[in-house]
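What follows is a set of structures to go through.
What follows is a pair of complexes built around chain A, which joins chain B in one and chain C in the other.
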Partner chain A sequence: MTAAARPGTAALFGIGGALLVVVAAQLVGQFQLAGRAWPPLTDVLAYVTTPAGSGLLLRNGLVTLTAAAQGLLLGVVVAVFGAALALVVPMLRPGFERFAAILNAFPTIALAPLLITTAGREDTPMVIAALSVGFVMFVTMTSGFANVPAAHSDVLTVLGSSRVQRLVRLELPRAVPSFFDGLTLSAPAAILGATIGEWFGAPKGLGLLLVSAMQNYQMPLLWSAALVATALSLAAYIVFVQFQRIAVRRFG
Partner chain B sequence: MTRALSFLRGLVHLWPVVLVFVAWDAWVVLNGYTSTVAPRPFPVVTDVVIGFGEYLPYISYTLGVALVGLLGGTLVGFAAAVVVWSSAALAGVVTPAALIIRSVPITALIPIIARIVGYGDPAVLTSTVLICFFPAFVFTLSGLAAIPASGHDLFRVLGGNKLQVLARLGVLYAVPNLMVSVRITAPTAVLAAMLAEFLMGAHGLGALFSESRSYMDMERAWGVALVATTVSVFVFLGARALENRVVARVT
Partner chain C sequence: MSTSTIRTAQAEVDRPAARPGAAVTIRGAEKVFSLGRGRTLQALAEVDLEIAEGEFVAIIGPSGCGKSTVLRLAAGLDTPTNGAIEVFGDDPHRLAKQHRLGVAFQEHALLPWASVRANIALPFQVAGRRVDKARVDELIQLVGLVGFEDARPKQLSGGMRQRASIARALALSPDLLLLDEPFGALDAVTRRRMNAELARIWGEEKITTILVTHDVDEALILADRVVVMTGRPGRIRKIAKVDFPRPRGFETTRSPEFHDLVDELTALLDQVEGVDD
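On to the complex of A and B.
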């Protein structure tokens, strides 16, 4: 509404909102309104700044980030290739579309424990991240490819271009904004996927830290691990939103 | 006749699912995995079909939690968005905060909720409700924000108050958006319910999963994976059908 119309006011409101959350979280912790499980934010921050705490968070955060990044790369490559294949071979298309709906609803937790026994404890977070990303990217890319105006496609066909030429000259450039849309959704999905994989007995990572801190009632550690996971997810999202803006300006 | 034909054609288009089963079988056989590492599809499907009665209580629990969470989270999110929308200052302050809280990964949220609410059913339900809350809130708010200025003007000229704008105009803009949020969160609700059950619950598919894994009953574990996928897909398809109906009715 009016707040959104004035960017200065909107920014001010945003900062106010963030402050409100921080103060509220601190007060709830201070007065133990939610019991001992909700520590004051200052305690959490104090834990993060201790050398032991920051070392632990940094090491495990890096493990999760690496798994998520590798998974992101793998998932994106496979999904884009699959969506392009469905486009070039039209016979595959209805099947692939139906499959995309199933993949979209697939609960990744269903695979995690099964992957532990086959892919191994180390690789499972990366594989789960790749799967989560792959599902999201496949769905956005199929809809991105389908979004090509029939007239453009007809012109190229009449001029005698093959399906592959149409893919390279028309459908791929048209799908660039969808690609970046998919990436903004994929970045948090990769972090989530990696942490799900780590829940099921990975040797390192934020997911492991979260579960063990919960079981051992280490509240500052639990909260700071959650903060780091959120920060990673949010940072990845913001970075890809910037890419998306550039892409929309160039190809949109 | 044409109906039967189109139904058959629909079935043929499910070939990727068949391919997954074939690939699964080939993968197990080629790697020489024993059934304690990865069972072949046939025993798993047999376990699901024969032992369906044993699966049923777990399925209904997970499905119930997911649906209640989806419904509750959506309603609370809608109500919160309406309250926030009625004040520009409140909307400006709350929306960025909601966007930040929304990006907390479920895996980080569930252990915290488990500790605050306590292990068990309330924690499972709270996790699911909370996870469905934020998308509903954000989508409703963006729907309400899309009411054109001319609409506001018309109501003001005709002497309508804010409540009338909401009831006669806002709902039309917000409900399609709200249904998008239901479709998007439906599979997430199932995932969240299962993750919470896996971590602490004594009930539900997530619990059955961890149980069968610790007894090395791999057929059951893979069976749960299969059943959970089916449940999630059906919840998603149901949400999508609901979305199409509601959007067709409203617009």
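On to the complex of A and C.
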């Protein structure tokens, strides 16, 4: 934790670590240490910068991003609503918790064929993204709601609060930092979920690019699609970390 | 108790809905907390106390003597293990449900995300009433927080937070006001001012009030009766009637009678603490 104590040092370590990974990836590719399937990073970047490559990645990246965003929204809405309902109606809580745990224990790979027949090829990425998000959000919101200080709870009790007022005036605002905690974890999960969902026959998206590049042995395309997915995931994480900081300052 | 009967009559004129007679009746109340693994802690033993409507009662005692437990029983936040407690002839939490209870807690318990104004407006919102802006402004002025309306609790000093918390407790003009060492965190000057303010508010609204404090002077400036409690388990050692005329200004606090009573109660507290140790 000494590194965290000095932000300058921590940032330096971070940049240094990232640089090491990049250089290592380049060298492994350059000397073909991992075979032909691992191209040098410069080849991947060269492909990304070609007009055809960048156009293809942009089009499909946007599709994945859209599916992930829709899935994130759906998962968040369902999970927050479910967690709030389990709080207000305690009878529902054990059932909801078990249902969420079971849903989470199901491998998405196993669910995907089922979803393709029910939700359809186009919507499967969104649904898998929503499923990946739902569990995390449900757990963080449940713990956020449970984290209400006794003194605040007493205040609402002596004011004669109804259950709904307690939720609106105390538990929801109190859970705002947890909500953004959940989002920082969920946003990358949504990108990953959407990408996996696209493997199973989606008409467009980064997942489709990955599968077809793999089957046609287009290594630069495969790696650049992975690179874009990673970049999206990281960007989503960074954006939501900023929101989370604001939320902690405002509601903490 | 002739003074308190007159006061009760006045209160009836002001609030016809309230019942005459006792506001708070505590009969043989015991409170035993379970500490787990079969161990228990007896906080209160056989407390009997009757508080008339419109009366101001201060409870003093050594720390950990169950003063706050008495308050929590009256607020309906805890139930006695044995014995009974009635507030306005009914179950204590009924009063809260009717939005007729005001409590200022020892730790201010303001909502950290809400401004001073929003915290004081909270009781209106919780009660489902339209926020009376004039009343909120009046309370802000009363507790001396003008200029800090939009500040959030963490931007305020401890004393300011406590004052905001008292304003919140007063917001709905409650029938019963419970104050748990609300001035403990204040400096001597602010404390005296808050005591005077509280005496003034009480003089105007005659709210039945229970004040838990460890400051004998404060208890004598404010209360009609002072209840002295012993150390754990809490029992009532003495109930002293305070007859000084109101308002109790410097003439009162400088009088030999006042000092005698302060000395007497302080001696009693010292004794009680000695027993506790």
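By definition in this document, the second predicted complex is superposed on the first by the 235 of 252 C-alpha atoms of A that agree within 3 Å, B and C clash if a C-alpha of one lies under 4 Å from a C-alpha of the other, contacts with A are read in each partner's own complex, and residues count from 1 in each chain.
In this text, a residue touches a chain if its C-beta (ideal position, glycine included) is under 8 Å from a C-beta of that chain, and two chains touch if they have at least 3 such contacts.
Not measured: the values here are computed from a predicted model.
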For this session: Please work out whether A:120 is in contact with chain B alone, chain C alone, both, or neither, and reply first, second, both or neither.
Result: neither
Exercise. Now for A:17: first (chain B), second (chain C), both, or neither, which partner does it touch?
Worked result: first
Seminar exercise, completed: Between chain B and chain C, the one with more contact residues on chain A is chain B
For this session: Based on the superposed arrangement, let me know which partner A:101 touches: chain B (first), chain C (second), both, or neither?
Result: first
For this session: Check the residue A:55 against both partner chains and state whether it touches chain B (first), chain C (second), both, or neither.
Result: neither
Exercise. Touch check for A:169: first (chain B), second (chain C), both, or neither?
Worked result: second
Problem set entry | Residues of chain A that lie at the interface with chain B and also at the interface with chain C | none
For this session: Using the touch rule from the top, collect the residues of chain A that touch chain C in their complex.
Result: 149, 151-152, 154-162, 165, 169-170, 173, 176, 250-252
Exercise. Which chain C residues qualify as touching chain A in the complex?
Worked result: 75-77, 93, 96-99, 101-103, 105, 107, 109, 111-114, 122-123, 125-128, 168, 178
For this session: Note which residues of chain A are touching chain B in the complex, please.
Result: 1-4, 9-10, 12-14, 16-18, 20-21, 34-35, 37-38, 94-96, 98-99, 101-102, 104-111, 113-114, 117-118, 188, 191-192, 195-196, 199, 206-207, 210-211, 213-214, 217, 219, 222-223, 225-226, 229-230, 233-234, 237
For this session: Report the residues of chain B in contact with chain A in the complex, numbered from low to high.
Result: 13-17, 31, 33, 37-38, 85, 88-89, 91-97, 100-101, 103-109, 111-112, 114-116, 145, 186-187, 190-191, 194-195, 198-199, 206, 209-210, 213, 218, 221-222, 224-226, 228-229, 232-233, 235-237, 240
